[in-house]
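Both complexes shown next keep chain A, but they swap its partner, so chain B is in the first and chain C is in the second.
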Partner chain A sequence: MAQTAPHAAHGGSQPAQGRGLFGLLLVAIPVLLVGWLIIYPILAAIVSTLWIETPQGTSFSTGSYRFFFSDGYSLANLSLTLWTTAVCAVLLLVFGLPIALYLRFSTSRFAAYVQGLAIFPMFVPSIILSYALIRTIGPNGTVDLLLNAVGLPKLPSPYLTPWGPVIGLVWDNLPLTVLMLTAGLGGISTSAVEAARDVGAGPIRVFVHIILPRMGNSILVTVSFAVLGIFSAFTLPYVLGPASPEMMGPFMLRTFNDLYDPLNAKTQAVVSFGICLVFGLFYVWSIARNQERRSR
Partner chain B sequence: MARLTIEHLRKSFGVTAAVDDFSLTVEDGELVCLLGPSGSGKSTILRMIGGFEQPTSGTLAIDGQDVTRLPPERRPTGMMFQSHALWSHMNVFNNIAFGLKLRRLPRAEIRRKVEEALELVGLAGYGPRQTFQLSGGQQQRVALARSLVLAPKILLLDEPFASLDQHLRERLREEVREIQQRLGITTLFVTHGQDEALAMADRIVVLRNGQCEQVDAPDVVYRQPQTEFVAGFIGSMNFLRANVEGGTFRHGDLSIALDVADGPAVLAIRPEDLGLAQAEGETGAIVLRSTDFGSHIMVELESEGATRVKAMTSPATRFEKGARARLSPTTYGVYRDNRLIASGRLTALPVTGRAHHAVETA
Partner chain C sequence: MTSRSALSALRPGRFDWTGLFFALFLTIVIAVPLLVVVTWAFTEVWRYPSVIPQQFGLRFWHQTLSRADVWEALWISIRLSATVTLLSAVICLPAAYAFARMKFPGRDIFFLSFLASHAFPKFGLLVAIAAIFLKLNLIATFWGVVLIQLVGTLMLMIWIPVAAFQAVDRRMEEAARDVGASPLRVFWSITLPQAGPTIFAAVLLTFVSTFYETEGAWLIGAPQIRTMPVLMISYINNQIVVQYGAVLSVILWVPSFIALMFARRVVSNGGFAKGFGA
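Up next is the complex of A and B:
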């Protein structure tokens, strides 16, 4: 027995090594694809905005960035995009959290229908959603017709104003927000809530003192996801948004297609990527912190 | 300290009645145990008392005040949950202090009360610790302190020791019983463990399918079960099924004279009330197995009609596998349609052939 133990240990490491290699092989293809289709274009875009090709050769220049951050129109577009993203993130939490709380804690059969309704916009293409919103809140849309029918004056339409994309993006991102918040709430046991009520906490205090502190991380992750999606949104801002200023998505397309200015389009993309990267890193940090807590 | 009155309580989930016409009065300072199998409605009753479920009908009153429709936060009850239900984002001190903070007590008083509660449950000095740094037993003690610190009129314990190992469970139940008696707090305790109920309760309520089968002191529930279900649920019980004919219950070579109407009946005998005597020839039950528990031997036998029975015998007497033994009960109960119809004590008489007994019926 004394001789077989080291032999077995030695023999046992070979299958382990094999499994390790097999594991690496399994992740190799996605890693290569990420490198080829995501990392390389990013690096290429950054490099091509800093090392400019001129008739005299390639030279390092930060001119396109200096132009972006000194150009009033570019900054207005960036401001509008940041404003839209922030407003949408707040509104998504304001609308998504009550729905998620209802879905998590309701025992009613009605909850299943609410969940279906909340998730439904996820399956509606953005272009159809835009068309539906134009027909509803646009000039002479359903809202105007209904107001007119009861003898009320028309309301100012959010269509082609900064609020147009806000409404569309909130609608479009609500399902994912609700799903992620509901998943976060799933980690809070019913008995934890009941224990709080048992010691005298009403519904609002339960939310503030018990639920909110324990789903802070999932709220941060939800906001990160929403921000990443909304910041780089194209269809809804393009169809519902104002012509000027415009969000970064339509701005990039117009700079590239209409102005035939790939350098500035790439600069705008790199700036957008830099801002999204902050949220991305924040998301990764949140996940890592969460896993660290769980492992304790 | 308070008196709890439950009258005609009923709770339905759709067409299923989880609790059906349940009434009970728990006296001041009494510890009453709700005991029953899964799905018997014991937790539902406790949750209705705590305000976490609304009764379909019936009333709940604490010290004469109707609390049936009050939300949990407005009831003078404190509940200890099976899963501890500690708030992991708060340390031990804040878990216990949370209810006091909601009542806006001065900071010094909160500190004093929390420290007293921690000392009461044997966790003095544990306030700054995080809940995940505690063992299961310590977490349950914190949950108890959290309930007790608010001095509730009624303490509700919902299978609080279910997730603990046997040794810890026994220790904690003794501690909880001692604390309950020291504080004199009216307590309702839900469990499906009969040993817990027998060890802790002043009275046991045995539930089945949402209805009360029996309410009595633990020794009465054990020794005088009023229904066949209670007889089988509490402790170990042998059931012999046969007909009473001409005033005699006959099962194999065992016959007992009974003062009941003829018809089917179930004879119930505890293993400790079933004596064994060596049988000769092909009569008597066959010994299947003998297990030595040190203080006693549990003999498993097969009687007529493949009925298995257990008898607790002295370690001095040995019954080998395959041997024949005559059953000689000393105390019995007779049930028909789940109701106790007769009970009594027997004095075994040395007889040949069929065993006959001198009977003292109750």
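Up next is the complex of A and C:
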């Protein structure tokens, strides 16, 4: 920390190899932590759910996976999770994209306020949000109070239904969606948009022909990131969602903590890894590509 | 439909109806639920169907703050967050400096390896780690929770500071070296003042996000280590006095508010999105 990188022209006395080793030394602990607490647990989870330890030694078995995919309750939880993730991803784009477009191209005095509010949920922890939503859209919550005050009938409350977590997760993930989409829109020059407008293109055509092709990739990255976060979300589904079926996050916690069943909890985790693999790979691949482009 | 009107904001000289729409929509959706919580925290009696509480007061603040479990959880949360943030800063900031400035074998691969923490569904990863901790007897211990929360901070504490160090003007550093400043002096007088504010924001965000981390703390810490968010979940589940949850929410939100004050600049100018690889 205390030493600046010796520049080739200045720190000529130090051999290049020694500098390389010093750099490796500085990054060693965080890199080892990634190896020990991310890569190794994932591999260990895969291996230990396939090679089961028995008193006679370890033997290969797909039993825990066969159980997961034949158990009605596990499958119901998985399909609820897939449904929630898909609905949230679509809703995030439906809300996030117009806001990001507005923020990218607007110069009005509302823009700063809209940006501030759109980013604000990032500073509201899920647990406070859960509580706030119970008091707002829960039974006898604020929405009910207001509807009652103007003489309208109560709406069915989304609290403890699959829509509860959907509302919470969209609220919670909106800031990063908007930020990542706005960053993606930053690469589109205003002059390209103006040129298209000058030759008479309407807003829809500008969006479809100029903007969409240039930000397709950042939309996919944003969706991948959101999917990875939502698929195994815990706090919001646990507090706002139905008790049965439940999403994978609460399901894994209950299997691990309450049922004290690490094997099946690990199996559920590996199934989640498998389903999210495509999104994870795409996320890493596109960021690696961006990094490469930036460093050139 | 909305994207069409969003683009019309380009045309000058028109009232920004789109902006007004987004401003009102977000105010209702984002601000109202939070105002409801604040109102509940200062309410003594609020019976359905009155739109505003029948009686305001601070009675439930006294009751909440006189509970021993609240203070215990607060103390554990602060100790955990401080330990994790300090450890994270000590191991990540030198690494970030090395990534930004030094050449060594495997640099790019190691740098990208931190993405692994975001490339898997988080709770699945936590369960896989918990299975390892089970064998190491780290379940329900302070240091077990520290380790699992530390992993979650790595990417933010490396990627944002790397961007900060890279943004420092190299020519100023070289000029200082040319007039005879020592490496330490250059770092202290040139590099740090330029990279400092962003790094400070990263440290602050790490502290705050660790403070609110719920999943790892529960999975690894239960039942001995009970942090504020975990306590809050049990308050919500057990449906004890509504106001306890509201008062706790308001108290819990204070660290976040401080982060909001300091880190907003970094968040809104895209530095934060970089921390997630955008």
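Note that in this section the second predicted complex is superposed on the first by the 255 of 296 C-alpha atoms of A that agree within 3 Å, B and C clash if a C-alpha of one lies under 4 Å from a C-alpha of the other, contacts with A are read in each partner's own complex, and residues count from 1 in each chain.
Everything that follows uses one rule, which is that a contact is a pair of C-beta atoms (placed from the backbone, for glycine too) under 8 Å apart; a residue touches a chain by one contact, two chains touch by 3 or more.
From a predicted model like this one, the values you see are computed outputs, not experimental measurements.
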Clash or fit (per the criteria above) of chain B with chain C on chain A: fit
Touched partner set for A:F256, first chain B, second chain C, both or neither: second
Touched partner set for A:A44, first chain B, second chain C, both or neither: second
First (chain B), second (chain C), both or neither touched by A:N148: second
Which of chain B and chain C A:Y131 touches, first, second, both or neither: second
A:E194 touches, of chain B and chain C: first, second, both or neither? both
Partner chain(s) touched by A:R214 [first = chain B, second = chain C, both, neither]: first
Touched partner set for A:G63, first chain B, second chain C, both or neither: neither
Broader residue contact with chain A after superposition on the shared chain, chain B or chain C: C
Partner chain in contact with A:N140 - chain B first, chain C second, else both or neither: second
CA minimum distance (chain B, chain C), superposed complexes, angstrom: 5
Common interface residues of chain A - those touching chain B in one complex and chain C in the other: 194, 197, 202
Chain C - residues contacting chain A, complex: 2-10, 16, 18-20, 22-23, 26-27, 29-34, 36-37, 40, 48-51, 91-95, 97-99, 101-108, 110-125, 127-132, 134, 147-148, 150-151, 154, 158, 173-174, 177, 183-184, 186-187, 191, 212, 214-215, 218-219, 222, 229, 232-233, 236-237, 242, 245-246, 249, 252-253, 256-257, 259-260, 264, 267-268, 270, 272-273, 276-278
Residue numbers on chain B that touch chain A, as the complex places them: 50-52, 71-73, 77-79, 81-83, 85-89, 98-99, 102-103, 132, 143, 146-147, 150
Residue ranges of chain A touching chain C (in the complex, touch as defined): 1-7, 9-10, 19-24, 26-27, 29-31, 33-35, 37-42, 44-45, 48, 97-99, 101-102, 105-111, 113-136, 140-142, 144-146, 148-149, 171, 176, 179-180, 182-184, 186, 193-194, 197, 202-204, 206-207, 218, 221-222, 225, 228-229, 231-235, 238-239, 248-249, 252-253, 256-257, 262, 265-266, 268-270, 272-273, 276, 280-281, 283-284, 287-288, 290-291
Sites on chain A touched by chain B in the complex: 189, 191-192, 194-202, 205, 209-210, 213-214, 296
